[in-house]
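Across the two complexes that follow, subunit A remains constant while its partner is subunit B and subsequently subunit C.
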Partner chain A sequence: MTKRPRFGLYALVILSVVVSFLPIIWLVLTSLKTTEGIYAWPPQYLPDPFTLKNYINIFTNSPELLLYVLNSFIVALGCTVVALSFGGMAGYALSRLGMRRAGVLMVFILAVSMFPPVSLLPSLFQTFLNLGLLNTYTGLIIAHTGLFLPFTVWMLASYFATLPPEIEEAARMDGMGFFRIFWSIVIPLSWPGFVATGLIVFIFSWNEFPLALVLMTQNAMRTAPVGISLYPGEYAFPWETISTATVIAIVPVLIITAIFQKQIVGGLTAGAGK
Partner chain B sequence: MTEVKLDRIGKKYGAVEAVQQFDLTIREGEFLVLLGPSGCGKSTTLRMIAGLESITSGDLTIGGARMNDVDPKDRGVAMVFQNYALYPHKSVFDNMAMALKLQKVPTAEIEERVGRTAELLGLTDYLQRKPAALSGGQRQRVAIGRAIVRTPKVFLFDEPLSNLDAKLRVKMRMELQELHDRLGATSVYVTHDQVEAMTLADRIVIMNGGVVAQVGTPREVYDHPADEFVAGFIGSPAMNFLDLARDDTGRWVSDCGNLALPALPADTGSRSRVRLGVRPEHIEVLPEAPGPAPLTYPARVLLAELLGADALLSLGIGETRLLVRVGGADHPVQGAHLAIRLNPAQLHVFDIDTGRALPRSAAEVPPR
Partner chain C sequence: MISMISPLDRRRHLTGLAFITPTMLVIIAILVYPILQSIVLSFGQSSIDGSGPYQFVGLKHYAALAGNDRFWNSLWVTLTFTAISIPLELAMGIGLAVLMNEHFRFKGIARLAVLFPWALPTALNTLMWRWMYNTDYGLFNAAALQSGLVDRPINWLGDETLAMMSMVVVAVWKTSSFMALIILAGLQSIPRDLYEAGRMDGMTRWQEFREITLPLLKGPILVALIVRSMDALRTFELPFNLTDGGPVTATESLSLYAYKVIFDFIEFNYGAAIVVVQFLVIFAMSLLYILTLRNKD
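On to the complex of A and B.
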């Protein structure tokens, strides 16, 4: 009875997985082709001949790619840590401490995040220039944090709202202060929320382009998306280099996602109540 | 002495008065139950004693000290929550030890006290487990243990048994009773379950719409309900109510005319209408009408429900319907004709407008 509708569901899932993965699969395949293979007509679907030459070339010809990836990693990690710290505290205060007008503030925070980042660029650039924050990790971390903090606050606030308030009340009765409750009760119980939000913020920051392009002008400070975008030369569009570099830039994100995704699914509040 | 005194305590949420003028002294070692339907303000009152809810008006004193603005942890109270509210990421031991750790009690003493409490509650084998690995009853024991370990002056219970299934609830209720007998600590217990209230309480406070309807021992609230609300709330199945009007001859007659009482055991004053209350277990069932006799009326069984030990009969006396509790063995069946007899000592009379019980008359109609 239930088999047929489930078969349809599986088909739909497989289809959507294929559709969303196709660009990435094509990217990986391209990175494994020779230049001739890339431009061959009719197009090659599987690399023929299969080659790792692109990967060897990219590390010998443009070793700065690893620097770009490292820069991205530092900025994304910094942004995630700062956004989770401030977003966590703000979200907790807004959702749990009975603040007046908390709802209005939440809407205000959301409204601020609706400014298109490009419109902020000129003033941001000038300000960062004056503050000496151009081409610094601190500068881009601050900029990214500002960009993604509203999202973090909203995500975490709605996660906190799902926690049973009695646990925090019991902690108050036991003698914990607000900060202690936040640190040793709320954060452990909201771990899946923090991991999920952190992952998304990390990926946002990793992929962010306009601010990274404008605020990091020195080659040594560029992040991966910006660095890779500058590969096309004046006369050629090196598909094999770009696809290879992109695959390399994806790997750290994939690893981090793989590590943390298991934790998102955990039902950590199980056992608190009935 | 840990007397808890609530002096005209009130709680307002905006314009809504959740609790009004709550005035009560809870005696040392007393087990006080706050009983009432949901939204009656009983939980709010408890939470004001705990310090989880601010007090809008009035004074709260515990052991003689004013507590209105004192932090929950410094009030000397411990609370057991309805959904246990254990720390799910901490072991049973850590759950119970938390308050002591925060009070900087020496580790050896913490271990000793938690160990002793765990033994008292039969939790010794579970101390290293997480709450998720415990059954509902065990979790509630941990929650109680967490309160006991602190040796508080006052225990607060917020519907601690309502998440348990019926069987476990009865068991835990008895455990709570034994525990209170052993510890003798002042306890305030919120419930909407009248059986819990009747069995556990030294005194019951029945609340309705943010106001105290009656304070009394279980016996008093059952035998002498102060008003119609209490009368209907205490007792299961609920008390029968019927309106009576005084006729020209001074008799009290039901609206349908089939029930007439020569006199009522209460000071009815100049009222021409009153509401009569009689509990299902206080109506005597006779096999057949024995001819005209005082306070005896013929009736027909409209519905008979066997509960096991007891049976509930829905009786029709003319248009009037009365619920009667009889023994379960050989109970009258549907359609049977029989007679009922009322006992004047077990009749309650209420003012129709205010719902207040009318005082029993000095010249009470003598019981049969």
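On to the complex of A and C.
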């Protein structure tokens, strides 16, 4: 086998990495500059002087930005737990309990997942207003669960379908009920599927914008993407605060993605391939 | 014929029903019912909280839409945005996937770099780009002015054509990675011996790509294309955060216009008509999606 030239390959790889990271790097650099440094001419590429003042200021002057991150965390976690519980049960019913018309139901679930979120807004806003669910964690958790359940069901159903049926048959011979089999055999065997699905649902919910914008109208209840986007500046967008808050809001996602990149990529490609 | 239902089958059936009920209730409440209610709203006049009487007005709102230039503009913006960004994303996605399929050192870091733009919230990605596009203090103008490429700052988001292009760039940056991941999974499933056979026949790299790789990638490419097109057709937070639809309405997508009609102008029924039209456009796309998947199996 002939060896192909590698320089071109490495140049392209480095270029892709730099382009992918550029906005994030520029954001982090901005957050480490003084206000004068951000608006200086000639432009400052590296922070000079380097400062952590913007981070300290967020804790002292704009704690609502931290509240947004906390709200996002509560909603995303709640949505992930509910979606995995409901979606796991539904996926098991559809792939393993010999349901009639399981195929039709799967296609129905796929079809409704394609509704544009904005088309749900007039009705959801009215309903949530009347039920007192606007500006509640419960409300947004239910809404996000609805949005991401179709994905969860598809992912978990296809994971369950890969388990060997003999184990469940043996358990049934021993007189175990269906619920016990699901709880004490299927779930422990399927945790990689639950982890991959849960991580992606968590990221989806953390990132969701239109429903979070409309269903959380009080400043104190906003999630991070919405709260930071609507953060008011006195006369101009306060980029030193915005860049710092954005860094704080994306760190959880960056960490999750970095640690679990294999599971996330595996889950994403499996989900899209179905 | 008498069907024999054993107690076991009966129990299995009941368990199945019990297991699927919570999911179905949530999906109906959050996805199905709101769509149906939007359709009802679009044919009538009612109060915001739905407490007042509902008055049926027939096609009044749809007739008004037909004569509404801003609506047609938003439909045009959405279709243009989709038509420009999807082919670019596909080209970048295939390129990235082919690249990531090679063997090289530090592959983990490279894969992470490709994954990050996808994993971060679009709304915040958009803010990062808006900051780089900033006319007076942004990175792009700083670099362009200092290097002497231009002698006046470029108004990236203030010119109609340029603003659309700037928006497309953000979309391509953000979602080529998603395309790349799906295509990469397809690439990795292509048997190695096909390439060895090709090499024996003296194929060049380009011929290998055109005659072996591309035909076998048709399935994953189609899926990626359709999923992404549907996303592009409902794009919302990208124009919301980048330009707020401006300058004037040059980047106002259908979702953004519908949102403004509903929540800024507080015209629920008229807004409902817009989202129903948008729903129909996307529904046509999803039918295409499902038919394609059916044919694949």
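The rule we apply is simple: the second predicted complex is superposed on the first by the 223 of 274 C-alpha atoms of A that agree within 3 Å, B and C clash if a C-alpha of one lies under 4 Å from a C-alpha of the other, contacts with A are read in each partner's own complex, and residues count from 1 in each chain.
Note that in this section a contact is a pair of C-beta atoms (placed from the backbone, for glycine too) under 8 Å apart; a residue touches a chain by one contact, two chains touch by 3 or more.
Quick caveat, the model's predicted, so the values are computed rather than measured.
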First (subunit B), second (subunit C), both or neither touched by A:Ser16: second
Subunit B versus subunit C as contact partner of A:Pro164, first or second or both or neither: first
Partner chain in contact with A:Met176 - subunit B first, subunit C second, else both or neither: first
Per-residue touch tally on subunit A - higher for subunit B or for subunit C: C
Set intersection of subunit A contacts, subunit C complex versus subunit B complex: 172, 268-269, 272-273
Subunit A-touching residues of subunit B, taken from the complex the two chains share: 50-52, 72-73, 77-79, 81-89, 98-99, 102-103, 130-134, 136, 139, 146, 163
Contact footprint of subunit A on subunit C as seen in their complex: 8-9, 11-13, 15-17, 19-20, 22-24, 26-27, 29-35, 37-38, 41, 48-51, 96, 99, 102, 104, 108-117, 119-125, 127-129, 131-132, 134, 136-137, 139, 142-143, 146, 173, 177-178, 181-182, 184-185, 220, 223-224, 227, 230, 233-234, 236-237, 240-241, 255, 258-259, 262-263, 268, 271-272, 275-276, 278-279, 282-283, 285-286, 289-290
Contacting residues of subunit A [partner subunit B, same complex]: 164, 166-167, 169-176, 185, 188-189, 268-274
Contact footprint of subunit C on subunit A as seen in their complex: 6, 9-10, 12-13, 16-17, 19-24, 26-27, 30, 38-39, 42-43, 85-87, 89-90, 92-94, 97-99, 105, 107, 109-127, 129-130, 142-143, 145-147, 149-150, 153, 172, 177-179, 182, 203, 206-207, 209-210, 214, 224-226, 228-229, 239, 242-243, 246, 249-250, 253-254, 256-258, 261, 264-265, 268-269, 272-273
